[in-house]
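Chain naming follows the written order as A, B, C and D, and within any one chain the residues start at number 1.
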């Protein structure tokens, strides 16, 4: 019995769920069965992931059934993948619990669920792939399945557009990944990942760097590294809530998995600069991601940008780990790898949670526009509580899990001085500073992202009419529990991850990381230390004790309570609340250079010389810099190229025969050479 | 169609051109002393408005309705170069041509006329709540019959779209300021728009004036805007005098002028103090308030009332100034003001806050019919004191400002600093004028209003005006045959200038500029709401 | 007469409390219920150098939450009821209401659909300060009476002038 | 700022000593009327009641009821009956009981 057996079970269950969904169509029990299977598989995957986290790799190359490529289906269970597998499992369970209340049973639902489970299976295969062919095939399968997921409601042009962005960028990324794999496998004459890893040193430095950069770019498309991120804000809003949750919670993470795979297993970089590049890319993505998130009023676009920020943080951690590795600071390197993986787990949990809650909000009010929501705390109390947990987590506020991982990452980066090289130290500190800015803005952004929709007064009748009964709760709640567990159980998690780090980097810092049972030390003593568990206990007590004292002692003096002083107005109106865009106006002014906002004040009666006899309409639009200055030109070039080579498509059979002949001739000549 | 009275300058040609439109009847300038009244048909009203608005140096000073006859009469008061032109038109039905599209200044009045008389411009344009509180029911007292359908509660000004929100402020605001509600529409940083509500202060003064004699009415007229009691009182009294065809004795007229200039002085001092308070310059505020208090004491010593209530009465003045006191104390008090002003002008932290703050262009000022220092700070030489200077038919004298011509202080820039400079210049001018008036001789006394045998006054209607520290004040009074007021229209300068306030606030300003702008306008909610 | 005497008693007791608690530091919030803007001017001048309210331990505060004394001007326009009530309720007790100026005392405007015509109609007035406008000196005296620091002189005044006598002292 | 400091010193103190001492500026304030009840006749009382714009005067047969609180010291009653009305010179009129401000002036003048 080893994790792989469990994974076989999980994979099989997902396959079965996919088939069930396909057959079930709009038959409710069938769909429920499908979800049940999916949840079962998720649980199993979680178990397997946890197992391989605790007991390290299981390096059995399982000769599986033949694949389309003819090669054997090579599977294995590494503990680097373990954390991803566990995350995949939890997300799968949460989504499975969420779906039945979110999707009304219909023919489309069945197909959609089939696609979902196929995607889950493909993700599992990617993580468990022992061979390059297996990896690539399942990677592509995953992309296509996700494409189907995004196309759940293909009616609107928005959907098609978002799905197309996703597919296009995925395919470009895929090609680069293929190139990277081809290089390493050609240089190591192997296709099994283990073998490649073992012979990694055979790859000459130049090729190694090339392979790594190709992989970084290729996986960067999936991970949403700026400027390769444009598909996230396009695809996430149009996908159904659980679909976007899956995209952000798992698929994006697989991008970071790919980067880690190349960076730490296959071709550990020789010099420090690949690491610095990675770190820089991550830091920039983090800052730009959160800055754009602040300009979004669509909850899901907002969350998508925040995903960009978080993958940025993860990649920064990985990059720093590479740098330290290059400087032979194996302890710090392992430490940052651990921190990064921890953040993967955390972000996977709370971002999935938040996307599912965004779905609940859209379900209940019919809109995702923050400026049309408000006051949901009164209408959706349970969802509000759950969303609040997720918000605390993603804003990296103690005692939730986000704080733990970000604290670890900062502690790692602050020790950049240990590299000895001034330039490197400065760059690392710069990255740390960028992450600091990002962290601050993230709190700002999520005060907004939680406060505007959930607190205050409803801004529209629809928001006022939101109803909680019938809304999914179990799935998000599970994730909220997971977030809390990841915070309180940090020592356990870190223990497991340190074993992962040991198996990946070969350095074990178990005692160095956890001297006591519950205290964490960032790789080097005499730097800093803290205990997430104690912190949680303390914070809870700090809130609870005064509350108890207050409850115990009744207020003595007679007190009158009067409404808040409002200057004697007749009544507050929803229009008098901070709106999402006004709340973030200061950043718009501060980061003018980045946003290039175009402000327009319209009055219904601007043509009317009497003026001011109409509603004021104020808009400040942000220039989509990357879309306009990076992708538009490329797209134009491609279109131009297409026009240029159209003449080849004459439709004349003879001409086509000529093409065929020429190609064969070329191949022959090449073979002869 | 009677013959057009010989009038100097533009008004003559203007009336000729109006006459060409047909249906024009000139009621002559005689009984309305200095203002020509013409009656025109509703169908020619729109065209006529075009003609007048198009011609140079005309400004729509006021517009109001009167429910005297069987149908409401719409009156437009145009300020011409050298006097006023009143056009009156009987409105059949409940709609009239959309005049505010031609003369934007009319918008506020269109709203007010709709509230009070239920007739509205023939556009579907949303009108705003001005005077009537939201709770005003159909039985709420109005000047005319109430609107056909109730006013739109959530009226146009009340909606905020896009990425802005309304920052509510008031009606109960800082200490010692009037009740007033601002809705500051903001994008979080800059002020996008300002909504202003003053219905908290609507006391129905015009409604109260109905049925009173001019002698009784002056009491309420003064309290319509207490800080320009003299100006409003003078305008009201002058309107009554015009209606009855009498003029105050020259000495009394000069007394009025002295009181008016004293009022201007203390108001400008108060505005200066408010500017210092708004800019957080407490020392300057104290200095200005010392000057203000001394000026008020001069008022009390000279006229027996710190705010000069009860000085004006129809036909003349009730009190004579204590000339000795004025000659002795006024220069000292003004010196106080002058020194404070010089010190302020030498304080950069103060001047910097004023410059380029709350700017208005001359074009905006003309478009919105702004008056007083606000308009003069944009370079427009708008001053009602000039209008009296032209020798008028019906009265031999041209009023005190004809004998003692004033130089109109203007500035360009149109920002708060320009207004401040205008106020300082006017203060100096006021002191000079007061000296001249005193030399020419002042005193109490009144021309008895012509009475019929039974102690009742005659009938008639007339227009009166005065230049308060806030700008031109207009009053229009109609008396029935028993000499009681059937319709009194009071239009303090505040009514006009609040209209420009939100434009000034919107021009590239942030929250903290708004108190400064408000202080530089130095308007009253009481005057707007009446 | 009896209820009014009872009210007078209550008012006196309240003033004693005020004098005991805030005798040396009393915070004032003003409320304009439709004045002609002159009373406001006089109230602003209370803080000016000539009268310098602070020297007597009085302070203006914009927040009714911090205010002990409500200085009401104007004839209490009906449209202002909500705001007046809210402002009064927003003040912590014990609190004093001072009606300021002839309008507030029912002088200028009779009770009609526009105005209550008298602040006492809406708020429990403790001190009445006549005058149109009440000069800053009158306001100072009124505030002194409100905190029980000055004796009120009105009960003694008759406003009867003997043929020879003048000045109003009977 | 030094400028202001010096100005302040040069300006000196202007603050009144009221209520500790009396303030001379009070002499100029308008004050409610006082009535010479010996000269006061019903006819004069009615004249004054008729002209009073502020609801301060009314007559209860032989009593002229004078509401000091409502009085705006406009002086119209003095105009209506110069021989009866003088200025009271009172400005310290704050009252804790509204009724304390309502004065009853006996009409003792002999009718013509």
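As a working rule, contacts are C-beta pairs under 8 Å (C-beta built on N, C-alpha and C of every residue); 3 or more make two chains touch, one makes a residue touch a chain.
From a predicted model like this one, the values you see are computed outputs, not experimental measurements.
K.L.:
Decide which interface, B-D or C-D, involves more C-beta pairs in contact, and give its chain pair.
P.N.:
When the contacts at C-D and B-D are counted, C-D has more.
K.L.:
What's the distance between the Cα centroids of chain C and chain D, rounded to whole Å?
P.N.:
Each chain's C-alpha centroid was found; their separation is 17 Å.
K.L.:
Report, in whole Å, the distance between the mean C-alpha point of chain A and the mean C-alpha point of chain D.
P.N.:
About 81 Å separates the centre of chain A from that of chain D.
K.L.:
Provide the C-alpha centroid distance between chain B and chain D, rounded to the nearest whole angstrom.
P.N.:
Centres of chain B and chain D (C-alpha means) sit 31 Å apart.
K.L.:
Starting from the mean Cα coordinates of chain A and chain C, work out the distance between those two points in Å.
P.N.:
Their C-alpha centroids are separated by 65 Å.
K.L.:
In chain D, which residues are in touch with two or more of the other chains?
P.N.:
14, 25, 29, 53-54, 72, 74
K.L.:
Tell me, which residues of chain C touch at least two other chains?
P.N.:
Correct list: 49-51, 64, 80, 83, 86-87, 108, 132, 135.
K.L.:
Taking each residue of chain A in turn, which ones touch at least two of the other chains?
P.N.:
In chain A, residues 566-570 touch at least two other chains, as defined above.
K.L.:
Can you list every touching chain pair?
P.N.:
Chain-chain contacts present: A-B, A-C, B-C, B-D, C-D.
K.L.:
Can you list the chain B residues touching chain D in their complex?
P.N.:
Within the complex, chain B touches chain D at residues 216, 219, 283-284, 286-287, 290, 293, 297, 300-301, 304-306, 309-310, 318, 339, 343, 346-347.
K.L.:
Flag every residue of chain A that touches chain B in the complex, lowest number first.
P.N.:
Touching chain B from chain A are residues 297, 371, 566-570, 572-573, 575-579, 581-586, 588-589, 599, 601-605, 608-620.
K.L.:
List the residues on chain C that touch chain A in their complex, please.
P.N.:
Touch residues, chain C against chain A: 63-65, 80, 82-84, 86-87, 89-90, 93.
K.L.:
Write out the stretch or stretches of chain C touching chain B in their complex.
P.N.:
That would be residues 28-51, 60-62, 64, 74-75, 77-80, 83, 86-87, 108-109, 112-115, 132-133, 135 of chain C.
K.L.:
What residues of chain D sit close enough to touch chain C in their complex?
P.N.:
Per the touch definition, chain D meets chain C at residues 14-16, 18-19, 23, 25-26, 29, 32-39, 53-56, 66-74, 86-101, 103, 105-106.
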